[in-house]
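If you scroll down you'll find the structure; I have some questions about it.
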Amino acid sequence: MEIGFLGLGIMGKAMSMNLLKHGFKVTVWNRTLSKCDELVEHGASVCETPAQVIKKCNITIAVLSDPSAALSVVFDKDGVLEQICEGKGYIDMSTVDAETSLKINQAITGKGGRFVEGPVSGSKKPAEDGQLIILAAGDKALFEESIPAFDVLGKKSFYLGEVGNGAKMKLVVNMVMGSMMNAFAEGLVLADKSGLSADTLLDVLDLGAMTNPMFKGKGPSMNKSSYPPAFPLKHQQKDMRLALALGDENAVSMPVAAAANEAFKKARSLGLGDLDFSAVIEAVRFSKED
Amino acid sequence: MEIGFLGLGIMGKAMSMNLLKHGFKVTVWNRTLSKCDELVEHGASVCETPAQVIKKCNITIAVLSDPSAALSVVFDKDGVLEQICEGKGYIDMSTVDAETSLKINQAITGKGGRFVEGPVSGSKKPAEDGQLIILAAGDKALFEESIPAFDVLGKKSFYLGEVGNGAKMKLVVNMVMGSMMNAFAEGLVLADKSGLSADTLLDVLDLGAMTNPMFKGKGPSMNKSSYPPAFPLKHQQKDMRLALALGDENAVSMPVAAAANEAFKKARSLGLGDLDFSAVIEAVRFSKED
Amino acid sequence: MEIGFLGLGIMGKAMSMNLLKHGFKVTVWNRTLSKCDELVEHGASVCETPAQVIKKCNITIAVLSDPSAALSVVFDKDGVLEQICEGKGYIDMSTVDAETSLKINQAITGKGGRFVEGPVSGSKKPAEDGQLIILAAGDKALFEESIPAFDVLGKKSFYLGEVGNGAKMKLVVNMVMGSMMNAFAEGLVLADKSGLSADTLLDVLDLGAMTNPMFKGKGPSMNKSSYPPAFPLKHQQKDMRLALALGDENAVSMPVAAAANEAFKKARSLGLGDLDFSAVIEAVRFSKED
Amino acid sequence: MEIGFLGLGIMGKAMSMNLLKHGFKVTVWNRTLSKCDELVEHGASVCETPAQVIKKCNITIAVLSDPSAALSVVFDKDGVLEQICEGKGYIDMSTVDAETSLKINQAITGKGGRFVEGPVSGSKKPAEDGQLIILAAGDKALFEESIPAFDVLGKKSFYLGEVGNGAKMKLVVNMVMGSMMNAFAEGLVLADKSGLSADTLLDVLDLGAMTNPMFKGKGPSMNKSSYPPAFPLKHQQKDMRLALALGDENAVSMPVAAAANEAFKKARSLGLGDLDFSAVIEAVRFSKED
């Protein structure tokens, strides 16, 4: 099976590599072309524009960093729209808002193409391990044809109905994650500043009803002020913003998510946007003595 | 081993029953004495006052509902202080603030008694199953003598140093829990109001890095608006308040916990205080259409 | 001086009426044309499309309800763009985000037209009394030519530089207003539920350093649960959202505004969106006993 | 008329000086006795303990910094209780919680004394100018006898009924103030970081419905990062905390006040507690570039 692949950031690179390893023919494109080199070493082909990838492949997957990149790859010169046509399938696995997904869907289907949105839950490690959760919506036939690829990329694929629902589900999940991370960060800092051991807190949490892989995975490094970026804080904050905007549309008041979002914004203003989102603990921890 | 036991609420009853089942001799007292009947059927003795329990037993455990009850059992007429003396040990496993613990410690040790505070993490089910986490602090010898009882009541006992640290650790844990519950509740409501399935959200969360027993255990019933009280909302809110007060003492700003606390207060004002703390979702969900 | 006027909502009607009363020739348009009748009785002319108004008048003022209405009047069929041309001036006094203003500016100036954004601070009463504060930015010559009209509509006009700055200043002002209103509402409810007189609180506030016309004007009716819409709650909430988005762009963390925004969203979910924004007190007040 | 006066902090000093200037005989006491010197130069007498002041004067006013100081002056050795007796009046004008007021009331009246709580609204400047607002409650006869003194200290005295209501009203007022200050601070920072002039924002606010002496008085210095302490931030934060506790008792959810309180706590952690409460803007402003 031949797959086009647009976007080789942290996630895209891990995902396209997985496809290669599982015997897919993969043709990649990235804005900075040099990022394609490692993939080529593992057998990928390269194209110089998104349009060329679409032309070459019947199914193309895109993993871009944000809504404006997702739109740009489709609508700009040499973009997806120039070559999309009847029969071709385009699967956007970027995390974007539903509005962006709907715009892309309209453009693709307007040219006769088929569209699935398929944002994923999971960051660098699950991407590398093929353990993502895929939140797909849109053209059901394309979804079903793509299952062999999805099975390589993730441990489970959900089909959620109409385009937009994948984006929305992803935002809801990431909003819960962002608020949980703040809850955790506040707890670790409170323990520490109250004369308790933040490492013992990790042990206590791990034994109780709240134990979860995120706390176990990130807690020890947070206690050491280390934040290697699995999921950059600025992207987490963007997702909080988009989830709050979804709440705004539907008149859902979410004061805890709103407070968490402001904490991530404070962290951005402290220059932590490119670190892992667990670095929000620095915004909680920050004080004059530090 | 003979153990006195003061307080037979949801937690106290399950814990004293466990001691009985594991062959401890248990002498119980409860403000409403009729609540002792079931324990008596299983072999417990009863005393009519806390003082009598202390007189009879070398080690007495108390599990009261809040700081004022914890103080009252010690300081009021017929209370613990009247009979505590050299050699006797008093273990308060109520969830109280550190100040309350310190007051009790001072009074007990002032009479020659030994004191351990040992608040627990875990609610009704872990209490019944002997799977609590015990956060002990204070007299180390008493802690060590009590390990046979602790081993029946919990799956792990931490010794955290000076009196107050158990109370503080418990508050930190419960604060994280209260914020997490709000994060979860906001996510479930946002999914539902955005046209997604809140049950599918549970499946998605369960597959990801945030999966945890609390979400798995409470999510399905929250989606059915059912809140059988394992941990009453008003007690959760009290713990949020006390944790925020601990943050106040140590100048730790915790905007997410503060927002969660206000949500629990709103839930109380909606008459949900006696339901399980997961009922906070009703405060998020509440709208005119409902 | 002849002025075109697009949009006859609460604000637009009061403003165009003022221009008429001060001797301006005014040509009006409104989506629901029947709303023009009262203006016609006072001497206004009517056109059937925005394009016709632009064609007829050298300077046209628009006061629309939100960004999408502001864009639609310019870009849709029969819209402003069809007739705007060199020499003609277009002044958008709607409250919109800077991005919307910039889009309109680009389109107008692209056709040779001149553009001033001029959002106002003040609601129904100041609009009727010609006591608005005008936050203008953009084409300086057009601003200066328009001063006779601005002097009728407002008590003070600021020229703030490049297009976008008027929108931004307006959002900042309304954000402060929305947070203040929540501070006030929480105070009134806390007084009442604590057994104090909320009317006495008004007297106390009125004597102190916080005394301001908004508290004096709205407090008594808020205490009577009366909310005649001077500035609809849903518009206030929209402005909070846009101001928070401006903060997002500039990495400014604003937890108090974020909490206020969520309170306005809760009020919307309670069906209060069309009442005055002071109705947010109902979201604070709401409890089971009510 | 002879008046005892306990506590010569910022407020107490200005108030006792006013009494002296208006012909009252004043006997002062302060924990650090040297602070009495300036009053003595203006004609005051000094006692070495609170008890001596009570013994000497029929009416004694206290202005202490917080609940623990207010309690200590009454209950400690050489305190008020040792000399209070039938006929003597004690007026506590400190800002304390209702519980503290009630405790003092019970002790004073238990010895036959009369008690009025009379917290004030207004800080250094109004205290110096005799322009405070007095929120009195308790013994009505004592209130009426004290009116000559109250008329010197304040521009208006409210009698609010039973002891505790003065404390509560004060907390409500200060809570509104603390939230308003945060609303203002966020607005000033947002203006500045968005490329607008924060000074122009002051002009715009001053012309609108939100204009108030606090914004006018503190805005210009906040824009210059100058915070001479009229009302120390740590005291403002304490009042927010106590007001939130009052809300807790009465199940009033106040998310905006809670967010403001956390901002003040962050400011405390940044070492700003002794500056004016307007210094909370530094917590909003703080970013890595600063």
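Going in written order, the chains are labelled A, B, C and D, and every chain counts its residues from 1.
We adopt the following convention: a residue touches a chain if its C-beta (ideal position, glycine included) is under 8 Å from a C-beta of that chain, and two chains touch if they have at least 3 such contacts.
This structure is a prediction, so every number in the text was calculated from the model and none was measured.
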Furthest chain, CA centroid comparison against subunit C: B
Copies subunit D and subunit C - interface residue numbers shared by over half, same or different: same
Gap in Å, rounded to a whole number, between the CA centres of subunit D and subunit A: 51
Subunit C and subunit D, separation of their C-alpha mean positions in angstrom: 38
Averaged-CA centre spacing for the pair subunit C and subunit A, given as whole angstrom: 38
Touching two or more other chains - residues of subunit D: 247, 251-255, 258-259, 262-263, 269, 287
Subunit A residues within the subunit B interface of the complex: 121-123, 126, 133, 135, 155-156, 158, 160, 165, 168-169, 172-173, 175-177, 179-180, 182-184, 186-187, 189-191, 193-196, 200-201, 203-205, 207-214, 217, 243, 246-247, 249-260, 262-263, 284, 287
Subunit B-facing residues of subunit C, complex: 255, 259, 269-271, 286-288
In the complex with subunit C, residue positions of subunit A that touch it: 237, 241, 245, 247-248, 251-255, 258-259, 261-263, 265-266, 268-269
